[in-house]
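Next come two complexes, and both contain subunit A; in the first it sits with subunit B, in the second with subunit C.
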Partner chain A sequence: MSSGDSGPSSSKQLVQQPAAAGRSPNQPPLLGAGGRKVIVLKSGDEEEFEVDLLDAMQSRTLRRAIEDGCGDGPMPLPNLTGPVLAKVVELFRRHRGDPRWADELQETEKEGMFKDYAPQKPTAEVKGFDREFVSVDRDALFDLLRAANFLEAPGLLDVTCDAAADAVMNMTVEEVREYFGLVNDYTPEEEAALRKQHEWAFQ
Partner chain B sequence: MAMDSPPHLAGDDRVHLVSPQDSPSSLRLSTLTMEVMQNMEEENPRRQQDLLSGLHDNVLHRILSFLPTREAIATSMLSRRWRHLWKTVPCLDLDYHGFHRRRCPIGERKFCHFVGRVIAARDPASGVRRFRLRWCGQLMTDIHLATWWVDSAIRPDRGGGGLLRELDLHLYTFTGFPLDAILRGLPCLEKLSLAAEKDYYVGFAHPPQFPSLTTLRLRKIGSFEAARRCPLPSRDASPGALEMLIAGCPSLEDLTLESCSFLRLRFSAPRLVRLAVIDHRRGNGVDVEAPELRSIRYTAVWDQKPWCLRGAARLWCAMVDLALLESVDLQRLADALGEGMRTLRSLALRFAGAAMEPPPEEEHRRVCFDSLETLKLFVHVNEGIIPAVTFLLTNSPSLRTLQVEYSKHGSRTEEEEEFVKIIKDSSSYLDRVTLVRRRKRSRADIPTIAHLS
Partner chain C sequence: MDTHGHDRISDLPDHILGRILSLMPAKAATQTTILSRRWRDLWEYIWCSPTTLDFTAEFAAQQTSHEYVRNVNRYLKLHRGKKIHRFLVSLAPDRRFFWDVKQWLEFAAARDVEEISADFTKAQVCLMSVYPFTMPTQLFDCLRLRVLRLRYWLLPLPLPGLRQTPLTHVPVACRTEATGIKIGNIWQSLHLEISAPSLRSLHFFGVILFPAISFGDVTGLVDAAICATDNPFNAPQVNYIRLLSEVAHVEILTVRSYTLMSVAASLPEPGQVPLPLPNLRELQLLMNLAMEPLSYICDFFKLFHLPSLERLFVNLPSLPHEEYTSLGERSSAVAHFNRLKVIKMHNFKEFVSEMRLVRFLLQRTPVLELLLLVVRPELMFVRKQDLQRRMLALPRISPAAQIVVCEYLEDDYAKLRATHEQMCEWDNGSHTSYYNDFVDAQD
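Entry: the complex of A and B
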């Protein structure tokens, strides 16, 4: 698979790409057709997505990359597949201007980078979209969770972690292990001791 | 470990792709890439199969923080990595109902034991951001226990509490609980919920200040003024305490008062967006100045002095349920909404067993729902209803959707037929009309604000 082959090398590219010459870190990168700032994200399977700069800022990873001046060309994200990235981009778009989703944005706003940015509360429609967003099967959910982890997007993390917590609620330990794909690395003696130690919680 | 260098992993992966017990290949691949990118050290080669292995502990913390504390503790059985994770999760969610199915002395003792152990076992250095306690112990000693739990959980270092964002306490009563002291010194609090099973009348020696509080929910928390009417008022009550509490929250956006007793609550909340006054039984309603208000839900007995909104020029949504009244005057409704009448888009009215009266002739021009698009009526068919509904329809020029649910309890068949005919005739120009007859009246039919918006 292409994502696996290109993984290590292009990931280094993202991290190590030097700041473009003659650009100050705070300067807004590209300007899209309508005068809006856009950046291009490239998934592991070579799909390209155009994202509004304000939306991309909801991810700390993308934000760091943009501030380091990587926003000029397509930004390779080798460990995200096209469908996952498409979903994430759509979620970012829906949550544009949501203050809880971009906790660091306030600072940047003062610097004058996002003057047209007005924080707003998520509407009922957006909340409905969030619910829809995570009503997927386990593997898709974990794809999103890993994407959230990699992108360091607090809002996306909250939505996916909430869904994961909902899924394992009322499951037995064995079922949760199976759901998360965990390997029990306790020895039987240890497990028995631990169970005894936490007896007060399980009775 | 040296053997887990990236090329080796990539090669190893292809071998695994064919094995049937594996999760889908793309998933595994991305896990591996992620691990390489973040230079995660591999402690255990078997963890490659683990869906969570590429994730930081703080992601697992986040998952745990959405679980009740009891479930979170159970995750320590999963594997070594999870063993101590729950001790540093910044959330405590202690619910008696999740613990024992019914109230019984043994269950209560177990719960006390459980909470004590949780608080003792937690890592004292990690602060609490969300604390929720639901506990229905009725004895004085139970309340003292609850005090100790709350205090030692949110202030592990004596005098801390600066991290707390969300505090949700549901106790049998707050009598004997030092609410004043607990609520002091919580500068970051964003959500506060205080619920009691028994009417409690609140008082503050020092009015609490919550500069960033956005959501306040009170249940059975009454005011000093209402307490004077009550045969056994609490000693804590002090005048104007509810007003003081609300005034101490300048960022308040969402306010819910459920079954609270107060005579007339007058306050101004510059950033209030949602207001719900539910089951207001005693007193003279609320008098609110809220320029940003978008939705109001009001469930109560219509009193001599009804609720009123002042300056609510952005009101979108109103749900009014006045269940026990004999007759309701639409004029009064319009007065209560104030400026909000002109901006209202969605209105739900429920008058079980009550008649509606149109406003007097001379006021007809003043009462006009200019922007109303959706109207839901839950009514009882009687003589007064037809002119009132006709009035509502003719005075709502932007109306597009009408939904009527009616009961004909005790009224004659001719009346019902006439009512149906009038509704059909006068609403033929609308986009969507629903007319449903209810056999039985039940409170479960009351729509919530979520349905309306």
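Entry: the complex of A and C
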């Protein structure tokens, strides 16, 4: 794995594609196109994705797994579907160096793995990508929110929570219930009491 | 997750739903309490750690004072954060709530607040307090505090019952590390003492009724704008001479008609030495009332000695006709301005009184480099070129002095601006934008 650290600069970008099948579970992490370390993530519907090891670190869940030595073979993520995982992997790649998770990364900096990961402010391009990323229908957005929760990925969580807040902030209570698919299980008296308790918000 | 067959979101943990709510406006987020039982308490997340606590506008709009205070107390209890950037409240200055307001300010001070706005816009005449409100001392030790806005308004104007209103002393001592303070529209008797060694900039503007303002340590003060409008029903109440003498070390000063009138009303005794403003490099005079410029300006120069003055800006009233009454000849005792290089006058209309002011200045400025007369075409009855020619013929003791007539923002001379030029715009009626600019500039 020595070539990993001496590889070309981080400007070299990894092309996301389903990984070649048939690798043995004990094989060391792949070397990506730029000579970087990559790991393989496997969705619930058996689709595999190569992802730069450093990008995967944006997820606390994946980082814990990698640190526990689970990164050597395809890592199964049974509750994420292929399309969701494809989007998430793309976001990780675009958020490379994002300050929203750079702080956490610094903690693991000791090993020198992340030296070409200088934190940077999100560029207009990244912001544009984020907007595009959440321009999806309601159910797809909720799937991404669940993925963010499962993966514990701060950047992904920010983007998806923002989108959810934007979607409902100008809705009426009825519209929000409909949007989230909620059933009002209050009695009329209970609801009236809550409206009274938070009167200013219902005026 | 699907207890009802279509619930799309409630399987997410509380902290994620709370995070979504905290990205929404407080009102919309609070409404989610009635979505379903699962959502009843999730709104509490929005008060966990916000760094801006804005209890104004929508929040304050419909609540009675009691509800307002109860809700602010309730929400602040939920706050777990260690840091607040902005803390904004708006309520009636009712004595029953002073204890609460004090608690809030202490709460904000303990979290290194940077901006506080205590806006008593909602004050009604009948609710005006007759009891003093003392700012908590913690606030004055707040090192990060950069903006302190105190607004005690009585609206709307005019207020027919004003004179019967029980006005009282609201002692406010202001000891802060703030670098800029702006105080405006104080409709209540206010004893304000400002002691802030690192204060660099101080602006008084708007209507300030009966304020007793004094300064403690303001050694760092560089620029001051004393632009308050006095009580429209009474003679000026503020002792501007004392006020100015307390900030005599400033380098940049803007004063307004009322200040000049107040000064003119207290001419020195014969033989009295003028008060020096030794560091003053730039002076802006905003003459928004129909007042004869030369007399008032001369009176100001008789009372204050300005040995270092380099730039003088005079904003003449934009009146269509000459309506000034002369106070008589007063220019005799005024000393020369040995360093004055630039004079800029706005709204110059070639009125007799204005010409007298120009002649006066040209005779007392040995090193003058530029006299810039800014005209407004709608107020001009002569051609600019003719005016320019007449002005050039004026006698002057500085042979190198240029005299230029130009239109507002016409050319390069627009770059020659007073430090407090915004004040000038504010003076012309757009005070709201001035105030907002101030708020934005601090962010």
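By our rule, the second predicted complex is superposed on the first by the 166 of 203 C-alpha atoms of A that agree within 3 Å, B and C clash if a C-alpha of one lies under 4 Å from a C-alpha of the other, contacts with A are read in each partner's own complex, and residues count from 1 in each chain.
Here is the rule we go by: a contact is a pair of C-beta atoms (placed from the backbone, for glycine too) under 8 Å apart; a residue touches a chain by one contact, two chains touch by 3 or more.
Keep in mind that what you see is a predicted model, and the values were worked out from it rather than measured.
Q: Would subunit B and subunit C fit next to each other on subunit A once aligned, or clash?
A: Overlaying the two structures gives a clash between subunit B and subunit C.
Q: If we overlay the two complexes on their shared chain A, which of subunit B and subunit C does A:A201 touch? Say first, second, both or neither.
A: Both partners, subunit B and subunit C.
Q: Which of the two partners, first being subunit B and second being subunit C, lies in contact with A:E191: first, second, both, or neither?
A: both
Q: Go through the superposed model and pick first if A:V136 touches only subunit B, second if only subunit C, both, or neither.
A: After superposing on A, A:V136 lies clear of both subunit B and subunit C.
Q: Return first, second, both or neither, reflecting whether A:V126 touches subunit B, subunit C, both chains, or no partner chain.
A: Once the two structures are laid over each other on A, A:V126 reaches no partner at all.
Q: By residue count, which of the two partners contacts subunit A more extensively, subunit B or subunit C?
A: On the superposition, B touches more of the residues of subunit A.
Q: With the two complexes superposed on chain A, say which partner A:G44 touches: subunit B (first), subunit C (second), both, or neither.
A: first
Q: Now for A:L80: first (subunit B), second (subunit C), both, or neither, which partner does it touch?
A: Touch partner of A:L80: subunit B, not subunit C.
Q: Which of the two partners, first being subunit B and second being subunit C, lies in contact with A:M169: first, second, both, or neither?
A: both
Q: Would you sort A:F150 into first (subunit B), second (subunit C), both or neither based on which partner it touches?
A: first
Q: Give the one stretch of subunit C, out of 44-52, 332-340 or 386-394, that collides with subunit B after superposing.
A: 44-52
Q: So which positions on subunit A get touched by both subunit B and subunit C?
A: Common to the two interfaces on subunit A: residues 139, 142, 145-146, 148-149, 157, 161-162, 164-166, 168-170, 173, 176-177, 180-186, 191, 194-195, 198, 200-203.
Q: In the complex of these two chains, what residues of subunit A are touching subunit B?
A: 1, 3-5, 7-8, 11, 15, 44, 78-81, 121, 124, 139, 142-143, 145-146, 148-150, 157-158, 161-162, 164-166, 168-170, 173, 176-177, 180-186, 191, 194-195, 198, 200-203
Q: Please name which positions on subunit C make contact with subunit A in the complex.
A: 4, 6-13, 16, 19-21, 23-28, 30-40, 43, 59, 61-63, 67-68, 71
Q: Write out the stretch or stretches of subunit B touching subunit A in their complex.
A: 6-7, 10, 13-14, 23-27, 29-34, 36-37, 44, 46-47, 49-52, 54-56, 59, 62-67, 70-71, 73-80, 82-83, 110, 113-114, 117-118, 253, 273, 450, 453
Q: Quick one: in the complex, what on subunit A touches subunit C?
A: Of all residues in subunit A, those touching subunit C are 138-139, 142, 145-146, 148-149, 157, 161-162, 164-166, 168-170, 173, 176-177, 180-186, 191, 194-195, 197-203.
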